[in-house]
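First chain written, first letter: the chains are A, B, C and D, and each begins at residue 1.
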Amino acid sequence: MNFRSDNVTGAAPEILAALMAANEGTAASYGADAISTRLKQRFSEIFEREVAVFPVATGTAANALAIAAVTPPWGVVYCHGESHIQVDECGAPEFFTGGAKLMPLECADGKITPAAVEAVLVEPGIVHSAQPASISISQVTEAGTVYTPDEIAALGALAKRRGLALHMDGARFANAVVALNASPADLTWRAGVDLLSFGATKNGALAAEAIIVFDPARLGDLAYRRKRAGHLFSKMRFLSVQLEAYLEGGLWLRNARHANRMAARLAEGLAATRGAKLLYPVQANEIFIALPEAVIAALEAAGVGFYRWGAPGEGSLRLVTAFSTRAEDVDATIAIARGTAR
Amino acid sequence: MNFRSDNVTGAAPEILAALMAANEGTAASYGADAISTRLKQRFSEIFEREVAVFPVATGTAANALAIAAVTPPWGVVYCHGESHIQVDECGAPEFFTGGAKLMPLECADGKITPAAVEAVLVEPGIVHSAQPASISISQVTEAGTVYTPDEIAALGALAKRRGLALHMDGARFANAVVALNASPADLTWRAGVDLLSFGATKNGALAAEAIIVFDPARLGDLAYRRKRAGHLFSKMRFLSVQLEAYLEGGLWLRNARHANRMAARLAEGLAATRGAKLLYPVQANEIFIALPEAVIAALEAAGVGFYRWGAPGEGSLRLVTAFSTRAEDVDATIAIARGTAR
Amino acid sequence: MNFRSDNVTGAAPEILAALMAANEGTAASYGADAISTRLKQRFSEIFEREVAVFPVATGTAANALAIAAVTPPWGVVYCHGESHIQVDECGAPEFFTGGAKLMPLECADGKITPAAVEAVLVEPGIVHSAQPASISISQVTEAGTVYTPDEIAALGALAKRRGLALHMDGARFANAVVALNASPADLTWRAGVDLLSFGATKNGALAAEAIIVFDPARLGDLAYRRKRAGHLFSKMRFLSVQLEAYLEGGLWLRNARHANRMAARLAEGLAATRGAKLLYPVQANEIFIALPEAVIAALEAAGVGFYRWGAPGEGSLRLVTAFSTRAEDVDATIAIARGTAR
Amino acid sequence: MNFRSDNVTGAAPEILAALMAANEGTAASYGADAISTRLKQRFSEIFEREVAVFPVATGTAANALAIAAVTPPWGVVYCHGESHIQVDECGAPEFFTGGAKLMPLECADGKITPAAVEAVLVEPGIVHSAQPASISISQVTEAGTVYTPDEIAALGALAKRRGLALHMDGARFANAVVALNASPADLTWRAGVDLLSFGATKNGALAAEAIIVFDPARLGDLAYRRKRAGHLFSKMRFLSVQLEAYLEGGLWLRNARHANRMAARLAEGLAATRGAKLLYPVQANEIFIALPEAVIAALEAAGVGFYRWGAPGEGSLRLVTAFSTRAEDVDATIAIARGTAR
């Protein structure tokens, strides 16, 4: 009953099996191997256009590298005030960009709006101001919500109009795809997304993410940036094979679907507890909920894992489900919560 | 017959097996898991003192983070002109330090000497000069040679005398340990080494290295630096377990011993070829050798993998053996070389 | 009638005369000259304690260097959302710190409060978060208001309690000193300020500011940072002498007093115009005022210089007076405004 | 008798007079003033083509900004091992570029050669290597010698062929122009120079240099870089006017001619001293000479200012003349040296 995060999970058996199989013989290093070559093709199919793929091991690396590719040191990145890049990466985007400025926007439900960006967007070309460079959004958001294709397209249109790049932190991209029942293309480049941090770690990989670049003009020397940041793996096949297996036969979507279902089930159960109040709509695999302290205490006593959220004493929790969450653990958690509330 | 590098290998079966075993259940993320905790203890035993351990996935990350921990942006790193940090990391140490200066030294056999450092060491405290900060050596060196404990100690003494930190790039540290039949402690902190990039990838891991910090005063905010560089893994157990299995039962030394033996065998065989000339003593698992062009052509035709070295047309090669190199491949390579030369 | 900024002014005659006088003969370079040596003593008297002094030529350099001295690359600087460092320095603090994060706070009248800082202050030591490092305030603020000694002391106490450094951007420090009739010491280190950007350019120098460091422990390698940023002048005497003349005989306070008086006179006159509304209290030498468009048009037609402020179409202006502002220009400006409004 | 450096001098009277004159009235800030506008035109005339001009106050700023404009963070700058950017700027180029690598070349007489660059030039496009980006030369060199137009053109041709930018550190550019009796155009863009740090401080200004950009494609966002580094002056007229007066009526060449003549006179006199040996040809205003210790002691005793050069105990000195050096001081110095040597 560990709902602390989707990164407390192990790896999906399919991915481990593929990793084993990839171990045979020698292979060209640094991405010149057969698996890495195939991977680019595989991603191009999934996104219905040719894409460039840069596998890395962490979401922070994917985000920071992608943002640095489209943001000069004197650039501004418009992002949500609660976004991972702003609050959970110890300044990685600032480091990788050489000192760009993140402009945190406070918007409802974890989703920034074109109006919020426009309200703080400065005129470009005035030498005193850090220069507008990029927008970064999270899909799934840090509030567990998802941007609809229209919402993304509205930001994409703004970005295009104002000469900004649009980056998507897709640490939980698969969960968004199944939540929206939309195509990966519709959620990204067709809506104006230039670069995507495509996450796999939280949804079944050991440690594998990919920077997907839709527009070759946005490549931005990413190959040098990745190497220079220590994120180019010598035995790249072991990174690429995780992503290949993740995509193979729709595993990524199957895993995400399960996680989302478990979240819906858990949310429904907890929300029906007396005194409970969902803080955000539960649209993917994260639940933000206020619960009476007695309920929280009972969950803790039973060893249910979660994070306190928000200000101390608020009684708000975050619970995250994953590809490996068991329905019986969900039901047991609900039972504990309701038993106590009665 | 792939001797291009020790990074064309897969992973050792023992390490893969441990990885599988580590997959069970959930685990605290970001290094708070049980395996990561045990790992620190294990390294402390091996180095005969308490050490701090920061697992990362690449040697470039280990080197750049370690150097940055002891080198301010205005610092100078004294290193060999052929060192990996100088020629093969696309400026990673400069990136991680925020712009420190690498001072390349040309010394014989890949090994820098105290005299070479002293010859270029500027007086500290003069504001116009980048400030002396650290020495970085590679063990095994980029010439395939090893520093003796005394050679390291001489650099360690200089470092101490001049207020410099001493870093060791141990991408092939295991190969040096078995080559010298010395204790890890004697090769590092007892000789004055402050930080070690402890390599495992080339010698059997999938992608795992560890920054070992011997002196707590040299910690240098490494935890923040690692996170900020995107090198803190969420599912850290999968990184830590590779290192644990690597150390378990002496696997690391066993693997390295095999690689070194294969190199000795290959070097002996090739050196006996007419017209051959070893460029450096073969002391670990790398061979640098000049061969007649006809021999090189024959090796290439037979599909033997290696790198051309030095200036074009020089006829110099680098061949690297590994934990997984087969004796029959070594012998076949020698036969091809000698058959042609005859 | 140019009220666009206090940086459209020339230099005070006393400062120019001192510059001429300093030209005699040769002098040791890089700050080893006699004037620079005297300057440290002079500032120590003015601040009633021994201080370290680092003259530079621009306010941006002073701010960015001072902040970098107390903020690591992974640090957070808490500042007002309208502060010069956040909106007018093209990311200089981010550049000089190596990528620190500025956290913009929206507070009334240009003055941040302890409560506003505490509301966003994260727990230190959690590796995922950029780390709380410093607070930076402007005195005079970007709204033309001044912090009282008590307001500064409250921020100083918070800083001390939470292990933060407190930096003051004193581009208009003299104007604040005379506005508050407080001692420089009371407005700075006695209230908990660790570093001050002491401005002189806007108040009579050609181009001269000084970083004043009150706590030697906060020196933070400033000498290397300044040199490395190209801000160590070879003919330092010409920088130091401006500051010396600025302090000599109270010129800095005399100049500031005049500027403040002119602002009060202008503000009073304009505020009495029909339809006028002061946006902030006028406490130093800056006026923010909303005026009817017809009044604005009349001022523009008469060649009165000012900046539009806030959102387009708001009818808000900023007018700044200086040491060289003539009373007759103030009165003429008022007459134009009132004539029209009638 | 102060020959320590040409930066121990004050400013030329013509420049001071112009500064005084420029003080009248208000002026648009940040370079929008009339003097700054004229300055661009003036430099365009002198260089016989349209150029972009970025005035700054120090040579380190000019060099580091210019190099950063044409060198990415993962770039390599080829330069002389004794160049100012390598040994005297505390890592400024590394700071401004975001971590580029300076590759020091040891060549005779302070002048790098195309062959020396080619010997270490790596193939571009290999992700492991820092990427060839620029060549930086000093004119006058740090050995007091000058590059002939042909020598520059040879480097320019190499740069063009290999896709590198060519930067010239012209801290003593005027001294080179008069030494070679060549046109500024022939010494720069006609020979392939892309950016010039045009020095004025050492030759009569208080603190004024200009980055001259010959090729608009090499502008490299210099305006943002300058602002962000704190090198955009608000009262820019005071910087621009120094440069304007410096160029006016050939003052820059007149001053340099005098300095060079004084150096020739001093060099001739000292070289005739028994036991003296010039280390480099004296081609501009710097003298490097080995003298018997007794001579050195006599010079020191007489209060003659100079720097010891090279390794301690070598008896080598550097003496620098300037626009303000008096012939009688030169003759007195020679007399002291010769008197002793007798």
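Simple rule for what comes next: a residue touches a chain if its C-beta (ideal position, glycine included) is under 8 Å from a C-beta of that chain, and two chains touch if they have at least 3 such contacts.
Keep in mind it's a predicted model, so treat the numbers as computed, not measured.
The chains touching chain A as well as chain B are C, D.
Distance from the centre of chain C peaks at B, each centre being the average of the chain's Cα atoms. Should one ask which of B-D and B-C has more C-beta pairs in contact, the pair is B-D. Chain geometry summary: the mean Cα position of chain B and that of chain C are 51 Å apart. Our note on geometry: chain C versus chain D, Cα centroid distance of 34 Å, whole angstroms.
Centroids of chain B and chain D (each the mean of its C-alpha atoms) stand 42 Å apart.
The set of chain C residues touching two or more other chains comprises 73-74, 89-91, 95, 98, 127-128, 131, 224, 227-228, 232. Those residues of chain A whose C-beta lies close enough to touch chain C in the complex are 73-75, 87-91, 94-95, 97-104, 122, 127-131.
Within the complex formed with chain C, the chain B residues making contact are 30, 72-74, 98, 127-128, 131, 221, 223-228, 232. For chain A in complex with chain B, the touching residues are 2, 4-5, 7-11, 16, 19-20, 22-29, 56-65, 89-92, 95-96, 201-202, 206-207, 224, 227-235, 238-239, 305, 324.
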